[in-house]
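Labels for the chains are A, B, C and D, by order of writing; each one numbers its residues from 1.
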Amino acid sequence: MTRRTSGVAGLAVALLIGALAARPEAQQTIKVGVIQPLTGAFAASGTYVSNGARIAADEINAAGGVLGRKIELVVEDNKSNPTEAASVAEKLIVRDKVPVLMGAWGSSLTLAVMPKLMEYQVPMLVETSSSDKITTIGNPFVFRISPPSSVEATGFARMIDQLKIGKADFLVVNNDWGLGTADQFTRMFKAHNIKVGLVENMAQNAQDMSAQLAKIKASDADTLIVTTAVEQLTLVFKQAAALGLKRRIITTGGSQVPDQLIEQAGGAANGTSHIAFFAPWNPDLSADPARARAFIAEWKKRGYAFAGLTESFRGYDGIRTIAAAITKAGKPDAAAIRTAFWTVELTGLGGKIKFNKVGPAGMESGQSICDIFLVRIENGKVVVPKA
Amino acid sequence: MDQLLQHLVNAVVLGGTYALLGIGLTLIFGIMRVVNFTHGELYAFGAYAVYWFVATSGVNFFLAIPLAIAAGLLLGAAVEYLLLRPMRGADIDTTMLVMIGAWIVMQNSEMIVWGGVAKSITTPFPESPLVVGPVSVSWLRLFALGFALLLIAGTYVLINRTKLGKAMRATFQDSDTAALMGVNIRAIHTATFAIGSGLAAAAGALLGPVFLVEPTMGDLASLKAFAIVILGGLGNVTGATIGGFALALVEEMGAGYVSSGYRDAMGFAIIIVVLLIKPTGLFARAERVG
Amino acid sequence: MTMSMPELSVEHISVTFGGLVAIADLNFTVAKGETVGLIGSNGAGKTTAFNVITGFQRPTEGIVRFRERPLNGLKPHQVASLGLVRTFQRTSVFPNNTVLENVLIGLHRSGRSTFWGTLLAWPGVAAAERAMTERAWEILNLVGIERRASELGGALPYGDQRLLGVALALAANPSMLLLDEPVSGMNAVETARFVRLLEAIRGLGITILLVEHDMPLVMGVCDRVVVLNQGRVIAEGQPAAIQRNPDVIRAYLGQGAACA
Amino acid sequence: MRRALSYAWLLALFTVPIWLQDQYLLHVAIVTGIFIIAAMSLNLLLGYTGQLSLGHVGFFGIGAYASALAAVGFDVDVFGHTFVHDPWPVPAAFAIGTAVAGLCGYLIGKLSFRVRGAYFVIVTVSFAEVVRIVAVNWVDLTQGPLAVTNIPPFAFALPAIGRYTLYSKVSNYYLVLLVATAAYVTIKRLVGSRIGRAMIALRENEQLAVSVGIDVTRYLVLAAVVSAAMAGAAGSLYAHYIRIVDPDIFVFLYTVTMVIMVITGGKGTLAGPIVGGLIFGFVPVVGRSFASPEVQWILYGGLMILVVFLLPQGITPAVRRLAAARIAPRPNGNLDVLPDASQAGGR
């Protein structure tokens, strides 16, 4: 390291660190960290959830905010990648000093953030991830309003008799969410003596599934369960139609955004049925119809696609739950908010929100149960059967 | 048996556009010895161009494809003129670093202009496939194959039958002598890069509607194009065509019978194996274009 | 000239590129300590023969023996490690390294420092480094370019670059040196300096095979001369005899003219 | 004189955690340090032997995975029989990570140096891609996209203090500084030695190097092994600091980041990767407030093109030339290609 270059390097570092250290003092707002995939394989869903969260925050601030202070959402992109999710979580906690988080959308992404919650003792509201591991691993800082795959499976079991499934194949995305769903549904099917055939998986950003679909076409199952994000789902439907796959298709996970399927997969989407946790097509079915209509109106006013509603309600419910917790905690402090979560009770668009203890004793996580619908697409329209 | 037949059809349909990617790169790589990292971005640019023409400005789908190819040609010419012409004579590593810089700029510009969310292109083709016996294939993919074959034939004629083609082949074999014979080498390089980029844009324009259009779709296409070029031999248009179909077949069979997860690894396995056994590519007439 | 076993023997070497026969059934030997000139018009196959002997080019047929060891199949660096070191006609130096560094690179094979020794800064390594630098200065003095030790190889005047090329080869501790047109492009002063260097190298007992066009130099320095034409040896012998040999004159200067 | 300055610079780095309390900046300093180690190792290949290896993230990732899996433990069945590996202490895992990466460096070096130029680059890029795809799909070893989670942080069983685990940022900072210094010294000694000169000779003029008896393959493979092992060590540090490893660690963008650090800093110089590393480590953090990541990346891509056009030797030599011209013009102002041997044994 010769004399001259070290001078330059020293100067460069001092300059940069000086600029950083003098960050402006935090204003009076209460910061809430939001971690969503805004790029990468799950970009569409992550954007919808963030927009839903923004509507909730604006609504709350318009009504005077929380504890007299405005809520400020600090939204970070985890790029649909676990390591990025962990690093933006650390940035939100350490740098932006947020007392509470909402996020990470995909199960692998949420699982990546969880060690940071333990390390910095900051609670997080899980709005979408459905892998059971999240609430059974024993992380007391996790509060989930989306149903784990096991609950989804039991919910689905109620509707199984009218579907008369003989044998089912699976085509799932190759991560915690997909594999978790296949696992839970297989167990549930066996309990209802329904035979399980192929379990094919697809990489998160794979676009050409014609090989897997050709294999499934050759199998003798009568139903195909598909679990993945909406972008990949449209490809699966198009390629299934292209292969002439004549089979009943049911999608799980609640992130399928049926309207976008109709728009992009066209006729290919007809005859398929989907598990959903919110039915914007018929707001009266929601636990809070008035608020559901208001939310749908606000969503349309902002010019967002109607199709995104089945995803964005999660962000909306999530922020309202956090606001309720902060109000109960009395101060924007992580520990207080964490205890307050256990006493929160409100009616979300997706059903009543109340956290009961789940997971190993002493290290329980919060899990709230919500409604489940099975909707069908018939000649281009979503039909919500009276469950 | 019909599953095998279906895989074969899938492979042939995909092979057409893979060949386009390969031919485009083999021209650039073969003639200009440039390891073109922006090839994938031209592929993505072609897809976005079709999306822009069809979705935002309502142009007819069949018109949008040639327009996208033309846009690809222009962008390729611009990249060559701005970045590669001043680099004439620089060693291969330096040009490669410039191309990596260009790749980063192009991909992130697409991210800003179009956003991270994947786009879908609606096409006038019916959803219900053409069914022939046990095999069925969508009309859109057949159109993509047909159009690709048309472009491949066109390129073949251009290279082997036209004056420009002759000049390109001369430049490929020995640019100094070609220059002595009055060939304007700089113009040939710009033209070659433009044609190569146009073909990549064409592949993107054809596969965009079949799959989805998103900013990082080019990365994999770039690496697959390299696999095809190496399989077919540097600068060998016929080799690239065969290489394109071969890669599609290996991928489809691998995904069908080995494991779908390793589909994309087939291309890279080919690169490593071929380079270590026969660096000049399987179809040994590597050093000749056409 | 002692008739002990030849230092280098080239036996029935032929090289064909596709249809072109570059060398056809080449045979000659070089004895220990001898200085032999290899002359011939352009395209006579001199450089190809050179490349075959030093392992840069694989012959189509024939064997090259150095101190009785066949060299066929050996890689160039293995040939050099046996003590048969060559110079190059065009690029003969490392342009971006100083003159001293060039010679230190040449001394590569004589260095004893091991990988782990280097990493752990073993005391032996520093000693070996000093010894190498010592040897480097000796070679620079022998060749006469010690004043330019810290200049960049590429920045030297042409004559000095050629000398540095020879210094590099000497650093590789050769028992036989193959010089590829060492004085081409040199002026009279530089050539004279080079001849003095050649005499010094002969004094060290190093065998030399010299490829050169400069007739006065070849005739003045070489013990024996081998004449090549169209890839075949057409004459071999003392410089004086070669000058008068009619075949050489005809092949070299065309029909009529007599050699000066 | 230069030695004293290196120590002064090292001391300055040593005091950083004392005056820099901001946890997030320490986090950035640690990650930057890890990438500087990887950039230094790439510089050995790219700068000193002149081989543009674009698969360097493959070794970084292999080091991370090997170390993480050795520390977390795994059981995997390969063709029938199962390998069960129970968790090892982290220092041993670090050694495993470095060794496995070095071994891969040997294998890939042996294979890829049979080809040169464009083909070499493409083989290295393909190597990294294949390793990424294997990491995604070999789920029962690498957990695939589920990622290897809660990897134990570094911990030393020191005789006096008993078991000391590096949870805090400060302790991790010093660990990275220690490994970075070791890496710097390794490269400095290697490059200044007979072995280093052989590598540089291969870069400058392979044919001439061979003619003095330098075995090309041996030294290229040696450079590949050392640089791969060092990248593996950096990967292992990354795994045990971030405590999660997923297949996206092999993404091409990491290799490009390392290449930009080396090229802009100054390839073939000791200080180059450090200067480039500091710039590219901290600028994104400063820029994060006023430019979105995409805009930043466009600037970096543009910067790389400019550097290649205007400053082919990178920042360090340019600054050195500037400073040299100002103070006392040295006779030859040669590049910091080799330590100035003339001082060592001059007559």
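Going forward, contacts are C-beta pairs under 8 Å (C-beta built on N, C-alpha and C of every residue); 3 or more make two chains touch, one makes a residue touch a chain.
Just so it is clear, the model here is predicted, and its values are computed rather than measured.
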Most remote chain, CA-based centroid, reference being chain B: C
A-B versus A-D: which interface comes out with more C-beta contact pairs? A-D
Would you mind pulling out the distance in Å between where the CA atoms of chain A average out and where those of chain D do? 37
Taking each chain's centre as the mean position of its Cα atoms, how many Å separate chain B from chain C? 50
So how far apart, in whole Å, are chain A and chain C when each is placed at the average of its C-alpha atoms? 75
Interface hub residues of chain A, defined as touching at least two other chains: 77, 174, 203
Hey, what residues on chain D touch two or more of the other chains? 136-137
Graph shape for the chains shown, where an edge means the two chains touch. Line, ring, star, complete, or other? other
Inter-chain touch pairs (all): A-B, A-D, B-D, C-D
Residue ranges of chain B in contact with chain D within the complex: 29, 33, 35, 83, 86-87, 92-94, 96-98, 100-105, 107-109, 111-112, 219, 223, 226-227, 230, 259, 261-262, 264-265, 268-269, 271-272, 275-276, 279
Contact set on chain B toward chain A in their complex: 2-3, 6-7, 10, 14, 111, 115-118, 120, 122, 127-129, 131, 136-138, 140-141, 211-212, 214-217, 252, 255-256, 260-261, 263
Spell out the part of chain D that touches chain A in their complex, as residue ranges. 1-2, 5-6, 8-9, 12, 20, 22-25, 27, 136-137, 139, 144-147, 149-150, 167, 242-246, 248-249, 269-271, 274-275, 278-279, 282-283, 285-286, 293, 315-316, 319-320, 323-324, 336
Hey, which residues of chain A end up touching chain D in the complex? 1-10, 12-13, 16-17, 19-21, 77, 81-84, 86-87, 90-91, 94-95, 108, 111-112, 115, 119, 174-176, 179, 203-204
Chain B contact footprint on chain A (complex, rising order): 38-40, 43-44, 47, 77, 174, 200-203, 205-212, 214-215, 217-218, 231, 234-235, 238, 241-244, 264-268
